[in-house]
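Dropping a structure here in structure tokens format, bear with me for questions.
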Amino acid sequence: MQSHDIVIIGGGPAGLAAAEAAYDAGARDILILERDVRLGGILNQCIHNGFGLHTFGEELTGPEYAERYINMVEERGIRYKLRTIVADIDENKRVTYVNGEEGAVTVQAKAIILAMGCRERPRGALGLPGYRPAGIFTAGTAQRLMNIEGYLVGRRVFVLGSGDIGLIMARRMTLEGATVCGVAELMPYSGGLNRNIVQCLNDYNIPLKLSHTVTMIHGKERVTGVTISEVDGNRRPIPGTEEYYDCDTLLLSCGLLPENELSKSAGIELDRVTGGPVVNDRLQCSVPGVFACGNVLHVHDLVDFVSEEAERAGKNAAHYVAEGEGSDGEATVLKAGPGVRYTVPQTLDAGLMDESVKVRFRVSDVYRDRSVSLYYDGRLISKRKKRIMAPGEMEELILKKSSFDRPVSEIRIAVED
Amino acid sequence: MNENFDVCVIGAGVVGCAVARELSAYDLSVCVIEKEEDVCSGTSKANSAIVHAGYDAKPGTVKARMNVRGAELIRKLSGTLDFSYRENGSLVLCFDEADLPKLNDLYERGQKNGVEGLRILSKEQVKELEPAVSDNVVSALLAPTAGIVCPFGMTVAFAENAAENGVVFRFLTAVTDIRKTDGGFEIETDKGVFRAKYVVNAAGVYSDKLHNMVSGKKLSITPRRGEYVLLDREAGDLVSHTVFQLPGAYGKGVLVTPTVHGNLLVGPSADDTDDKEDTSTTADGTASVKERALLSVPSVPYNKTITGFSGLRAHEAGDDFIIGEPDDAPGFFDAAGIESPGLTSAPAIGEYIAAELAKKAGAARKKDFKAERRGIPQASKLPLEERAALIKRDPAYGNIVCRCESISEGEIREAIRRTPGAVSLDGVKRRVRAGMGRCQAGFCTPLTMRIISEELGIKMTDVTKNRPGSEQIKG
Amino acid sequence: MEKHELTCIQCPIGCALTVTVDGENVTVTGNTCPRGRVYGIKEVTHPSRTVTSTVPVTDGEIPRLSVKTRTDIPKEKIFDVMEVIRKTKVKAPVNLGDVIIENVCGTGTDVIATKSVK
């Protein structure tokens, strides 16, 4: 059996940044396994701009951002395989992949970096009533058909869900000559970035209907229309508020789900809230030597943060290969307190941690003029006022090694007055 | 266009294809006429996918006879024709001591129908077999011979084997009228007239319409809509048996069952409708099915739902299968009112009608009948070395198109190349499961569309989800 | 005198801005920081956007090339620019940054490739 120091599953933004950072931290025997025909992952179809402000200090489109990382990987001579799908990972870090040239091959990895990304929540999981006609697409599928293959999926479009991809596609389809009738959002606030609401909807007079959902899909062969209804505080449709929209296409932008089927086959513990692996401050999963980063770990808003996180995973994987795991002291658990949905990482090793560790988290509602409080075993360590926090915008908090002047068993982050 | 055959089978669902396959063993020219673009496009595609053991039907009914024989045949044919089938056994749960006599009635009915291995279990025995079953269970009927089957796989297997033995298929051909003639029947369709000495009516929810074209003894089929909820494979091992509820105070009851592909299926509801095409799902129907299933298995993880769907059962007013020739229309063979246990009964109905028809036609059995058929290789299910060898022979089997179900380009191309082959996304999905998984075709749709367009030599804009009018893209 | 209601996009707060134009005189209210004022004035006087799209590419490894305007263009020109992009076809190879359409619609900016296609 062939062996590699680091096998990276996925050649999207997370996998590429992890590879580059692992190389720069001294690893040489790195292999990236990518299922598509080119590196870059979902960025290849994200042709809009808005990427790279944090990483490169300039505004790039998705493909441009991807190409910078692809070039870094190429310059370092890091090996990768395209059109290659990973069929299995086991507890002993054996990776089985399949492609047309080699068939099915199992390799032994010293460390694995999970960078498989996420998928979209489909219609079936939303339980939308009505028929099952053609013309219902997740926004990402429509985006791929349009930007990679060059096809227009519809001429009159309704969008359910105000996730960023849905907003971006509303604009994209408008520019290509389609009419976008409206966007309905189940929640009383949008899941997308403010900037996208302004530049993708307001610019083109596309109405955004908050607290609304689709309550009927019409059309037996092809979508002929949708009925939308307003929802109450429990997100249940209010009878009598039905509105009919004539359209041939329904796009869904209703959330992303980390793709962790392989993680499960490797016996990796997953977080019920994020849908991604439980990781420590080195981004290492419950199986030692397996690291996770990017949207497979938790869904990000900005690719820049994916790259940053992936670089940490890559660096830590390289250290793991060179030095082994090190002494694993008593782990400190990070807990999401009131108003906080989750934290990543979920555990921290105060003995082995870097000088500072960035904790990312999401809040569970829109909060104005509230504080983020940090507690160590119930002791208030810091409290920082924020003018606005929203579930659609990831928050962060820095933990300093120096702040652990005594052993801590639980760190809690909470939204408070 | 005029076409002449010994037999025209109308309807390419599981019953029509089973009949066609059995007829293809005889020296007869056979044509299957189907209004949709593919086989298995009506009632056969949306049901519980259950092989009933045979204790439900009243002793002496056609249903009882066909059910028990059908279950027996499926067991054999799943090997001969290579489709997915598993004898997982079923449980009928009883939640009330007062209902125990009814459970016993079922047991006795099963005995009379010739079902083997039936046992009444105590609460403890049930919980040991199925720990996820509700603590409210007081007893259950175990039928070890019950099973689960892939309805698409079985129908396609019948169709392919029939085609291999000379049966022709005419899709997108809707029958508009049937007239008796001297030598048989004239079948008028939107694609021209077919002449046949014999007609088999396997038209599902439309079988009353066809029957009534030739017979004065009128039938009336009510489409009965059933909604289902399908869960991710992660939830597929919640129960290993098919878990029914004893009909009682809660209504007819819904089932919770694993599928042969490892998903968990919950359903159906039962709503009579007057629209023979009404396969919509409703918020209320879905909610009611979900709630009622929790009576049997309180821990069904609905957050792992991947899709919901609904199907129509062809319920006939007389409440039994109508199989054979009406007195006033000899040569016209009905297979009408085929509701549950229709899927189970299909092979038996095929066997019975083919034998009767052949006898009447004086047709001999073919000497060169090929009884066996191999399914499309499932690359990801093969041992690693075999998978590697397959990919070496055809690298397309190494190119995974559907990630959720690990379906390769090779499998999809083969699904299209077979006869009758897939011509739509749904056709591909039903044959090889590309798009059947948890992302519900989000990733594979563009790729599968391209393969269909290449294989059939059609434009991407002409690739459909199923019937014409369901084109996927607009330009 | 005309009034414009807009949402500031400079940060997640999303202040509701009211921009009042009175001849040469433009005033912004509702902003909570200086960036909001600058944004409000620009949005009302010279709104501009980057346009991104794709064009077909022949003889390449992929069928579609992604492109963008090198800089922002006036907002009212978006559909004119799209019209020109839609009529454009290119041949591989293309390198990231290659000019695909020069000085598109007289905006003074070029449409450039955002992908390399071999």
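Letters A, B and C mark the chains as written, and numbering starts fresh at 1 in each.
As a working rule, contacts are C-beta pairs under 8 Å (C-beta built on N, C-alpha and C of every residue); 3 or more make two chains touch, one makes a residue touch a chain.
Since the structure is predicted, the reported quantities are computational estimates derived from the model, not experimental observations.
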One chain's C-alpha mean falls closest to the whole-protein C-alpha mean, and that chain is A
Contact-pair count is greater, between A-C and A-B, for A-B
Need the CA-centroid distance for the pair chain B / chain C, whole Å please. 54
Could you work out how far the Cα centre of chain A sits from that of chain B, in whole Å? 39
Separation of mean Cα positions, chain C and chain A [Å, integer]: 26
Residues of chain A that touch at least two other chains are 148-149
Show me the residue ranges of chain A that touch chain B in the complex, using the header's touch definition. 35, 83, 85, 87, 96, 98-106, 119-120, 122-125, 127, 129-135, 137-138, 140-141, 144-145, 148-149, 151-155, 215, 217, 220-222, 237, 248-249, 261, 264
For the complex, which residues does chain A have touching chain C? 37-38, 44, 47-49, 59-64, 67, 146-150, 175-176, 193-195, 197-199, 202-203, 387-388, 390, 393
Note which residues of chain B are touching chain A in the complex, please. 230, 234, 277, 279-283, 286, 305-309, 379-380, 384, 387-389, 391-392, 395-400, 403-404, 406, 438-443, 445-446, 450, 460-461, 464-475
Can you check the complex and tell me which residues of chain C touch chain A? 6-7, 9, 12-14, 32, 49-54, 56, 61-64, 66-68, 75, 78-79, 82, 86, 96, 114-116
